[in-house]
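Structures are listed in the sections that come next.
Look at the two complexes coming up: chain A is in both, with chain B in one and chain C in the other.
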Partner chain A sequence: MAHAPQSNFSNPVVNWIDQRLPVITMMNKEYGSFPTPRNFNYFWNFGALAMFVLVTMIVSGIVLAMHYTNNTLLAFDSVERIMRDVNWGWMIRYIHANGASMFFIVVYIHIFRGIYYGSYKAPRELIWIFGVVILLLMMGTAFMGYVLPWGQMSFWGATVITNLFSAIPVVGESIVTLLWGGFSVDNPTLNRFFALHFLLPFVLLAVVFLHVAALHITGSNNPLGIEPKGPQDTLPFHPYYTTKDIFGLTVFLIFFAAFVFFAPNYLGHPDNYIPADPLVTPAHIVPEWYFLPFYAILRSITFSIGLPFTDVVLIPAKLGGVLAMFGSIAILFVLPWLDTSPVRSSRFRPIFKWWVLLCLVPAFFMLGYAGGKPAEQPYVLIGQLGTVMYFAFFLLLPIIGRIEKPLPLPASIAKPVLGGGSVATGATAQVMEKA
Partner chain B sequence: MADTMHAGDGQTRRDFIYLAGAAMGGVGAAAALWPFIHSLNPAADTLALATIEVDLAPIQPGQAIKAMWRGKPVFIRNRTPEEIDTARKVPVADLIDPQTDQERVKEGKDNWLVLVGVCTHLGCIPLGTSPGEAKGDFGGWFCPCHGSHYDTSGRIRKGPAPLNLHVPEYAFISDTRVKIG
Partner chain C sequence: MRRLRTLIAAGVLSIAGLTAGAQAAGDVPVPPAEKWAHGGVNSFLSFFKGYDYAAVQRGFQVYKEVCSACHSMHLLHYRNLHDIGFTEEEVKAIAASVEITDGPNDQGEMFTRPGIPSDRFHNPFPNKQAAAAANGGKAPPDLSLIVKARAHHEDYIHGLLVGYAEAPAGFDMPPGGNYNKYFPGHAIAMAQPLYENGITYTDGTAATLDQQARDVTQFLAWAAEPKLEERRRVGIMVIGFLVVFAGIMYAAKRRLWADVH
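For the complex of A and B:
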């Protein structure tokens, strides 16, 4: 019994379980006494919020799946039946549809937090990489979910996005046929999208588990970007951050409910209430808002790249757009290595701070704006400028890391938080630093 | 302990067995995976619906119709002599996807233009078949999604699409009937 954990719970049943499978001890260690930096700001709520939205999406999605019919002839009507006849169906569907938007709002802020405070840096690179995988899975899941109601935007969004793969040289057309299971987006496509839309959230949940498990090895980053040096720099997760997360969740739920109950279709597109028609393309196809920045990058490559002074085309415009769009996500994977500065938090990085706020953030909003507009001037130009700014943000990071003079870092988290601190705290901090 | 006698030998043989075993397993796994991937390709019934016949008699010169083939529209246009003329006067070298008009129609049936009505950019349906729709700058078709203009031969002239509208495989069964596919 050398490895038997020492469980000491007053409830004998809990004790019996914990001795055999120490889940309760583990939960207590990871979410109860877990030492967490004491200086979190509200940006640190968004991981917990994302987890909440994921669970909401899975629960509402499973209920919707019980009422939905995945057949091109019945899908649209089955969704309308959910809206009109199924008890509370309208609310569950609006929670699910707006929940997708909420998920992206929360996750985009969470990613911004990670970039601004350098959370992707050593030793947290793998957490960041899992995070980018989560973003990709979210995008795939959201895209396939939007196809299921089989409205006009469902059909034409699916057509445009699956056609992206036809840009791949040589095998592109075969890949598209394989994705469709036919010669156009049709019933086989709808069936497989439904199966994958059901499966992927659980894959997502597994990657979220890895994301959080890896986080609990290194511990959280914090607004100062310096590691806790001892118990004076941390607080137990419970009750301090459970309380803070619940407060943040309450505020977020008001925001979420405002959309669900007062503007449920504000973030959607009216064309999706027209049943899919393979013979009529809507005048203006736009993806859901959360894809607009990436859609704008796709459309901003309007030129082919060839060998100068010849007619040889190396990358046709269509392939170039697809590469740029996938590249905009792929570049996130290497962010921890593009940023060479040893300092994490923007608070101590005078150039990087404004590089994020005046290059990356405006680029994201410019791309989002241009992506929702028709492919005309001046929107194409705004999109192209946004694309250049987006990629420049990442590609110039190695230079910024070299030329930037970071501000002096505080000695510990406790010092600035406690305003210099008492003699005792200061002494402890110094002792911890030496240790 | 024969192994200790020929340590090097035994090591090599064991490595070989590992490699062969792993390779065998890998090939087996790949072979087992193929039916699952191929099951996602078009099924027999989908392929069986792959040809259609269309009656051309009601289509007057200057008119066009849409037929449904393999889940996508096919444009069939009865072109006027002027439209054929415009298409043939364009120097082939000026085109994005160089092709003569003659290559895109059947000889002796030069007025009949049969096209897959799917924009070669990202798969939208170009406008210009039904009366009153925008035909674009070159009198053929115009794709509203990303602004591709096609001429009276269905060739891409302006915009992001890389290729001309595809000409499906088709044959005239009689003077007024075509079989597509």
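For the complex of A and C:
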């Protein structure tokens, strides 16, 4: 035990363990005394909420997997058996189905928070990149999960989305065959989707671990976007933020429970209570609401791009749509380098603030609205306008970074220029004594 | 105060996100909104409402005497009828009134026997192909989930059952079609199933067309969402607990942070 840290816990068992594997010291450092900016607003609850939803999804999902049958002839009825005959099965399934929506609500707000307060900027670029990977994994997992009940929307959603890959030149058709495990969406597709839907959440969990580990190296951003300059700017994570997170979580759970118990099918589609039928196409195939903005981007490329004045088509409309859709996520990866302003928080960025609130946010809602409507006018136009606004938001950031005159930054978190935050240096020490 | 404002902003954002998810409606006829004792399977503001079991039982009679000639309900078992107020003996008698094909027995033969409560509702056709062949090429849909599987839910089923009418002049009716005000496209293969006094209710209720449509709709709603009452009951307790706990946590947080602010 040459390098064993000196543990000093009163409980001998805890002490014995900690000397051999200092997990308790580590937890105390990372979640007990961890110095956290003192000025978080409630937007900073959403990371913890997302973590809670992920665990809820994994736990409820494992219970569902115990009762679910991944065969095209049995899947639909096995889900209904869960709803009718498994003890508390209806509640577990409604938690899982609505939990997916809750996960996206929470994560979209978390991403908005990151953009509005510039949390993606140096030195937190890698945290942001892990976050985008998490979003991609979530989308893949949610998409495959929606296929499992094998209703009409499951089947036709799977058919439409997997078919997108056929737009990729040369290898597209082979990729689609590989995804399907055959030449149409069928039993092999359902089986591999079930296997991947079980696997990916654990991959997700690993990336979340990296996301949080990287966060604990740099520490959190905060609404002022300036780094803490000393102990007067921070509070120990426990008890301050544990308490605040539990309060926020409870409020969120009221919202979640309202859906589970009083509107469990509101976010779903009636057609998914019809068993999948490859011979009957639904009138409108719509993905789950959280995919609608991206679905609208996909459908907004209604034109092929070719060489002017010739018939040479370089990018057919379908490929263009697919590229735009994947591009809308891919562009997030380079956001830290597109935004050249040294100032993080929108509070001190007069142009960027309104650029987020009047361009990015409306674009997201316009796309979500257009994505849920049939592919006809005026919805296509709304979707196209939203697509232009969405990409313009990112692509014009270098210019905004250049022309914007940021407001003066406060000297420290404890002494902001705006608002009257009082300095209470003694508070930290006092509470530590109490605890 | 600033914190409260950001909290409200977050709430508004999420609600706006949900309304953005409202699905495509298209140009499908909208059935009139009716009042239901249970508020509707998808009704949000019906915290304390439950099924009208007298109506659900009458609705079962309508299903048994009319709908079950063509429509299966394979997700239901006769034992489930206990949940809508039939006694054990009544459930046994209802189950025994149908002939179930079972087997193979020790000799490898299929045989028929009277139904028992653990049997699924009797399917009027031996298979989907037979159902399609007997109904102009398309099998009548299974009714187990029909109320949840159609937009407008109860209102649609009720509207459909009372919505048969003469086709307006110039309406291009495909062969075998029947005009219905609320069926998408208006040409439905199913002939009008319910008529004034078409059945005689065992409880003496006057069997008007509207009454039958209303009753069978409520039976189908129960069949689609049998845990509706348990769901709402548990929900009241869960949310009640969470509201109290949120209050306690808010007080704890305020007290703890009092030194900091």
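Couple of notes before you dig in:
Everything below uses one rule, namely that the second predicted complex is superposed on the first by the 414 of 435 C-alpha atoms of A that agree within 3 Å, B and C clash if a C-alpha of one lies under 4 Å from a C-alpha of the other, contacts with A are read in each partner's own complex, and residues count from 1 in each chain.
Criterion: a residue touches a chain if its C-beta (ideal position, glycine included) is under 8 Å from a C-beta of that chain, and two chains touch if they have at least 3 such contacts.
Just so it is clear, the model here is predicted, and its values are computed rather than measured.
Superposition of the two structures on chain A leaves chain B and chain C fitting side by side, clash-free. In the superposed model, A:H284 makes contact with both chain B and chain C. Taking the C-alpha centre of chain A as the vertex, the lines to the centres of chain B and chain C open to an angle of 70 degrees, rounded to the nearest 10.
Applying the stated contact rule after C-alpha superposition, one finds that A:I109 touches chain C and leaves chain B untouched.
Of the two partner chains, chain C is the only one touched by A:F365; chain B is not. Of the two partner chains placed by the overlay, only chain B lies in contact with A:L164; chain C stays clear of it. Contact with chain C, but none with chain B, is seen for A:Y42 once the two complexes are overlaid on the shared chain.
Of the two partner chains, chain C is the only one that A:W90 touches; chain B does not reach it.
Of the two partner chains placed by the overlay, neither chain B nor chain C lies in contact with A:S33. Once the two complexes are overlaid on the shared chain, A:N11 sits clear of chain B and of chain C alike.
By the touch criterion defined above, A:T243 lies against chain C but remains apart from chain B after alignment on the C-alpha atoms of chain A.
Once the two structures are superposed, chain B and chain C can be ranked by residues of chain A touched, with C on top. With the two structures overlaid on their shared chain A, chain B and chain C come no closer than 6 Å at the level of C-alpha atoms. The intersection of chain A residues touching chain B with those touching chain C, taken from the two complexes, comprises 283-284. Taken in their complex, chain A has these residues touching chain B: 156, 159-160, 162-164, 166, 177-186, 188, 192, 278-281, 283-285, 299, 302, 316-318, 321, 375-376. Every residue of chain A that touches chain C in the complex is listed here, in rising order: 38, 41-43, 46, 77, 80, 83-84, 90-91, 94, 105, 108-109, 112, 235, 239-240, 243-244, 246-247, 250-251, 253-255, 257-258, 260-267, 269-271, 273-274, 283-284, 286, 288-290, 292, 365, 368-369, 372-374, 419, 422, 424, 426-427, 430-431. Considering their complex, residues 2-3, 6-7, 10, 13-14, 16-18, 20-24, 26, 28, 41-42, 44-47, 74-75, 80, 141, 144-145, 148-151, 153, 184, 224, 226-227, 230-232, 234-236, 238-239, 242-243, 245-246, 249-250, 252-253, 256-257, 259-261 of chain C touch chain A.
Per the touch definition, chain B reaches chain A in the complex via residues 37, 40-43, 46, 50, 66, 68, 70-73, 118, 121-125, 143-147, 160-162.
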